[in-house]
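Note sheet for the following structure.
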Amino acid sequence: MPDDRFKIAVIGAGRMGTVHARNAAAHPALELACVAETPDGSAATLADALQRPVAPFSAALADPAIAGVVIASATATHLDFALAALAAGKAVFCEKPLDLDLARLRAHAGVFADAPLVVGFNRRFDPHFRALKARLDAGEIGTLETLSLISHDPAAPPPGFIPTSGGLFRDFVIHDFDMARWLMGEEPVEVFAWASCLVDPAIAAAGDVDTARIVLKTASGRLCTISSSRRSGYGYDQRAEVYGSAGMARVDNPRSTTLEGWSEAGSAAARIAGGFAERYAAAYAAEMDHFAAVLAGEAAPAVGHAANERALALAEAAGRSAQSGAPVMVESV
Amino acid sequence: MPDDRFKIAVIGAGRMGTVHARNAAAHPALELACVAETPDGSAATLADALQRPVAPFSAALADPAIAGVVIASATATHLDFALAALAAGKAVFCEKPLDLDLARLRAHAGVFADAPLVVGFNRRFDPHFRALKARLDAGEIGTLETLSLISHDPAAPPPGFIPTSGGLFRDFVIHDFDMARWLMGEEPVEVFAWASCLVDPAIAAAGDVDTARIVLKTASGRLCTISSSRRSGYGYDQRAEVYGSAGMARVDNPRSTTLEGWSEAGSAAARIAGGFAERYAAAYAAEMDHFAAVLAGEAAPAVGHAANERALALAEAAGRSAQSGAPVMVESV
Amino acid sequence: MPDDRFKIAVIGAGRMGTVHARNAAAHPALELACVAETPDGSAATLADALQRPVAPFSAALADPAIAGVVIASATATHLDFALAALAAGKAVFCEKPLDLDLARLRAHAGVFADAPLVVGFNRRFDPHFRALKARLDAGEIGTLETLSLISHDPAAPPPGFIPTSGGLFRDFVIHDFDMARWLMGEEPVEVFAWASCLVDPAIAAAGDVDTARIVLKTASGRLCTISSSRRSGYGYDQRAEVYGSAGMARVDNPRSTTLEGWSEAGSAAARIAGGFAERYAAAYAAEMDHFAAVLAGEAAPAVGHAANERALALAEAAGRSAQSGAPVMVESV
Amino acid sequence: MPDDRFKIAVIGAGRMGTVHARNAAAHPALELACVAETPDGSAATLADALQRPVAPFSAALADPAIAGVVIASATATHLDFALAALAAGKAVFCEKPLDLDLARLRAHAGVFADAPLVVGFNRRFDPHFRALKARLDAGEIGTLETLSLISHDPAAPPPGFIPTSGGLFRDFVIHDFDMARWLMGEEPVEVFAWASCLVDPAIAAAGDVDTARIVLKTASGRLCTISSSRRSGYGYDQRAEVYGSAGMARVDNPRSTTLEGWSEAGSAAARIAGGFAERYAAAYAAEMDHFAAVLAGEAAPAVGHAANERALALAEAAGRSAQSGAPVMVESV
């Protein structure tokens, strides 16, 4: 019964830290060695629940038995923790975004090139979107022409979240920018965005918007539309439709159950997922699968610094477009 | 502008008579020559609405310009009117059933053999079920093994209807017996039925049942289940599922519109048809297409006396089974 | 049997003229008095098929018994025919567009104000979109925030059609501009469009585009995205999704039948409509219902000159945006 | 970090043993203490994969630290192992069936009354069917009248499996008999079954059938139809439709993904589950949740000896009906 699992440490014991720690603890190829200390004491709670020890992050980095680190702490700490972990020779899984500052991200491009870093753009690991991507790659809809992404959060975040969020485009639509790049197979070169504050005036008061429609254009003329909203009122709406020369493929929202009720008024189907934890549960588990494969040298990181930089560049361009009212060329690095 | 349309007369100005008269009046190959007189005066109302004359039925039969007759009068009159019309050399479209008395139906088998008679088993003309039948005939599900039919009326008929209806099996399930024969491509040889009165005690008081599950078996062991109810509470439920050696094909209920509403609770789709007039509007129109084709000599009657006799024999067997509690062999003629 | 139907004449015996003539001929409140002569002789064929006479258009206009005229001739003739018919005291149903020249349309605004003119923006008469509109009007999704329209033709038109079509925006997307105005309940004030030629190089050679994504913005910040393509490869895709403060409502594509096939690979559902004639058959019939109601004084025209002018103004603004690459303010008249 | 998880042992390291062992190992409230030895050596493989020790079953029973036992060994051993484990004071989760011999099952009724035994009728733990049951219990479809169950295996088992399987009714349809009892809320008192061998002649040669339609009747006249097949050809078809006085509720098959492809032919949706392991993965996990709750004294066993006895009695009655061709009254104990 020799244990050949990869020992890993998790830092960050909030919502995403808990998700990753639980998945790591249950993963046959990973061993959750410890939960790293955080000032707020949440590490202890999480560690207790999983029957694992708490350790200082520095101790985890110094432990040669630990092969990898999962970073799910506050966004502002991601970049420094990732740099420290890589410097200590650990493989890193870092929640998205690696950083919200494009210049700072670019300043470290050299360090991150070829680094064993996976950034948690979770939608790429979702089985529904993966099946879509596989179909596109197999040429089943011919040449891709246009793409529509819908990403509506169930309910607006508390206004206190907005000021440190990075804003709608860098915090939320960044997922769609990553999806657009991934699915289109061609870089967007120009971005247009219109945005409004229709959901919550407190969001406008905090200097942000809550509703946007964005269009991306590639050099060959491919077009992608993104519909973004901080509040759907009907659940976590996450869909994609891809149009090609030989047809269309799309991913719809999974339902909580297949139960239907029928009455005089018609039929009622079950709700879709109420939030990201439910919608992307399988994706988060697949992220740990992928991280284990990276640790085992069986896979190269599927999404890292470069993808994060490109998505953030699109988010910044969209933000500038929404402010100026004109399309914005996407800066190449 | 020579008029080469076939002149036809309609007798019966109730619900089905009105449907057929309107379809005939709008049909490019048919001319509604007259509506035949009925004692209750309803003929005049229908004729007025369609700007056509009223005439005695005997006059219509005597008019050599009239090529065909549509019979949609009271069930008890169908057989006599059909016999008279055929004797007068007319082609006949007769609402189902030709008669509710199996012995009387059989007594006239000779007259009806090869007669230009179409009996209005409307489901055979429905575009959805036709597409299903075409798929079965094309072998797309391999060898047919079993079949499930669901036929639930939206709401129970007024109790006054029950005593003259012929009972659940002969009045309502007869459609399903016809469908089973048509789709299975093999005669059922044995019938089992359990029936209850769960919907309306007035139906039990009138000596009938309102809820039944029937199983049919063919000589080769194919099985068909029929679910029948006088009241669904959610519309006119008319479905079929056919299972074969290479897969399954099924027909679902069309919806009134494709409109969906989404809320926290889930999604709500539009109601299905509220009754036969809405559900089978296209089928009734297709019946007149078929009758026109029969008049033109372009088609043999798709469903006539023999099919009606077989379906009624199954209905009688089912009724006997429901009473005795044991399977009943289907009498062959 | 007094005939109190409204006598109407149809001019134009092409595809749409045939649709309207057949619907008028079958309509209980309309009498197709004649098909007006056209130089190509197609009037005679249509008239023969419907057993109606052919007459010069001028004779139809001079006939005091004729109450209304349906104009379905070549687009370039619509405006003059409509003006002539109105001058002769007839009510007019005119296929869309009334004219492709915005200046000319505006020049006649005075004549058309309050005129008994219905312009055939057929989607407004579609039962699916009508149900959606009714739901929005009933406040069931709260305050409308954003809207997504998808309108993809099944296959690109022959290249010879492009030069006289008016271009993608004025010929095809004009329907969506009308839908956007109708559903949003607020005028778009600014338009952004990106367009590509991805489907057929012959369309580019003719100076047009075949693929576009358009965004509309209203004064209050409501946003509408339109996805337009000359070729879907999977049928006539016509959908709408409306997002509001209390949920979402959407209209999906009707299917040709409800038949499904199941195999190892999954389930296969029937195709959607193959083109406008099939998709909007009920809408075209409803147009004649509405025209009959206008003739009877029971309804005011639901869509006329002003709506056509607004939709065309949006189309022109979109065309200019697509050329300049910048958003365009919509000219108010 | 005190470990207050319940220590359990698993016996049986085949397909179901592996499923339960993995779920137990990952469960926050359970600790998989050991995998019990089996003569074929499969215990070692499973134990190694999960980094747990192998132990003789007798040692596990003798270990006072072990609170519960999961029995997933060969069917013939279930009853003896369960008796031994209960005698040793352990709580027991036993794969269905507890035994295939109705007389033997009944002989031990006294021992099992109030015993901490959960029998793995997995469908009761499926989130889709649970949601259905909750809806029925909430009265949302009014009074239950009829029920339709569909249970088709994807592909016929190897012929070698048939002789020891107990036959179609006791091996496979037993699940549906349990579902029928659970959902109807009233005991079936009479059973009718017709069965054929249409899928594989080797099954007939082994004295069994592969295709059946069963009808159940309760004292109040409620009816339930079961459609059973050893081979669907399109996946693992597991559905339920429940009809009541106020509407209908149904559970459909979950799909592997929400991906759809659209082409000229129509739309293609993803396949349903390919077998029980995929279809009921969440149910098996929920079984361990329930077992943990039983161990914690927070729940009484949801399904035990009595339910197994009733389902087996229905299976035996169905088998006799299929042989005799007549309905069979269900023996009450």
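For clarity, chains are labelled A, B, C and D in written order, and residue numbers in each chain start from 1.
Criterion: a residue touches a chain if its C-beta (ideal position, glycine included) is under 8 Å from a C-beta of that chain, and two chains touch if they have at least 3 such contacts.
All of these numbers come straight from a predicted model, not from anything done at the bench.
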Intersection of the contact lists for chain A and chain C: B, D
Comparison of B-D and C-D (more C-beta pairs in contact): B-D
Rounded Å distance between chain B and chain C, as computed from the means of their C-alpha atoms: 38
Distance between chain centroids, defined by C-alpha means - chain C, chain D (Å): 57
Distance from the mean Cα position of chain D to that of chain B, given in whole angstrom: 42
Shared-contact residues (touching 2 or more other chains) in chain C: 232-234, 246-248, 256, 262-264, 270
Arrangement of touching chains [line / ring / star / complete / other]: complete
Residue ranges of chain B in contact with chain C within the complex: 1, 3, 5, 26, 28, 47-53, 127-128, 131-132, 135, 140-141, 246-254, 256-264, 270
Residues of chain B that touch chain D when the two form their complex: 142-143, 145-146, 148, 150, 152, 192, 194, 196-199, 211-213, 215, 217, 221-225, 227, 229, 232-234, 237, 243-248, 325-327
Residue ranges of chain D in contact with chain C within the complex: 232-235, 255-256, 262-272
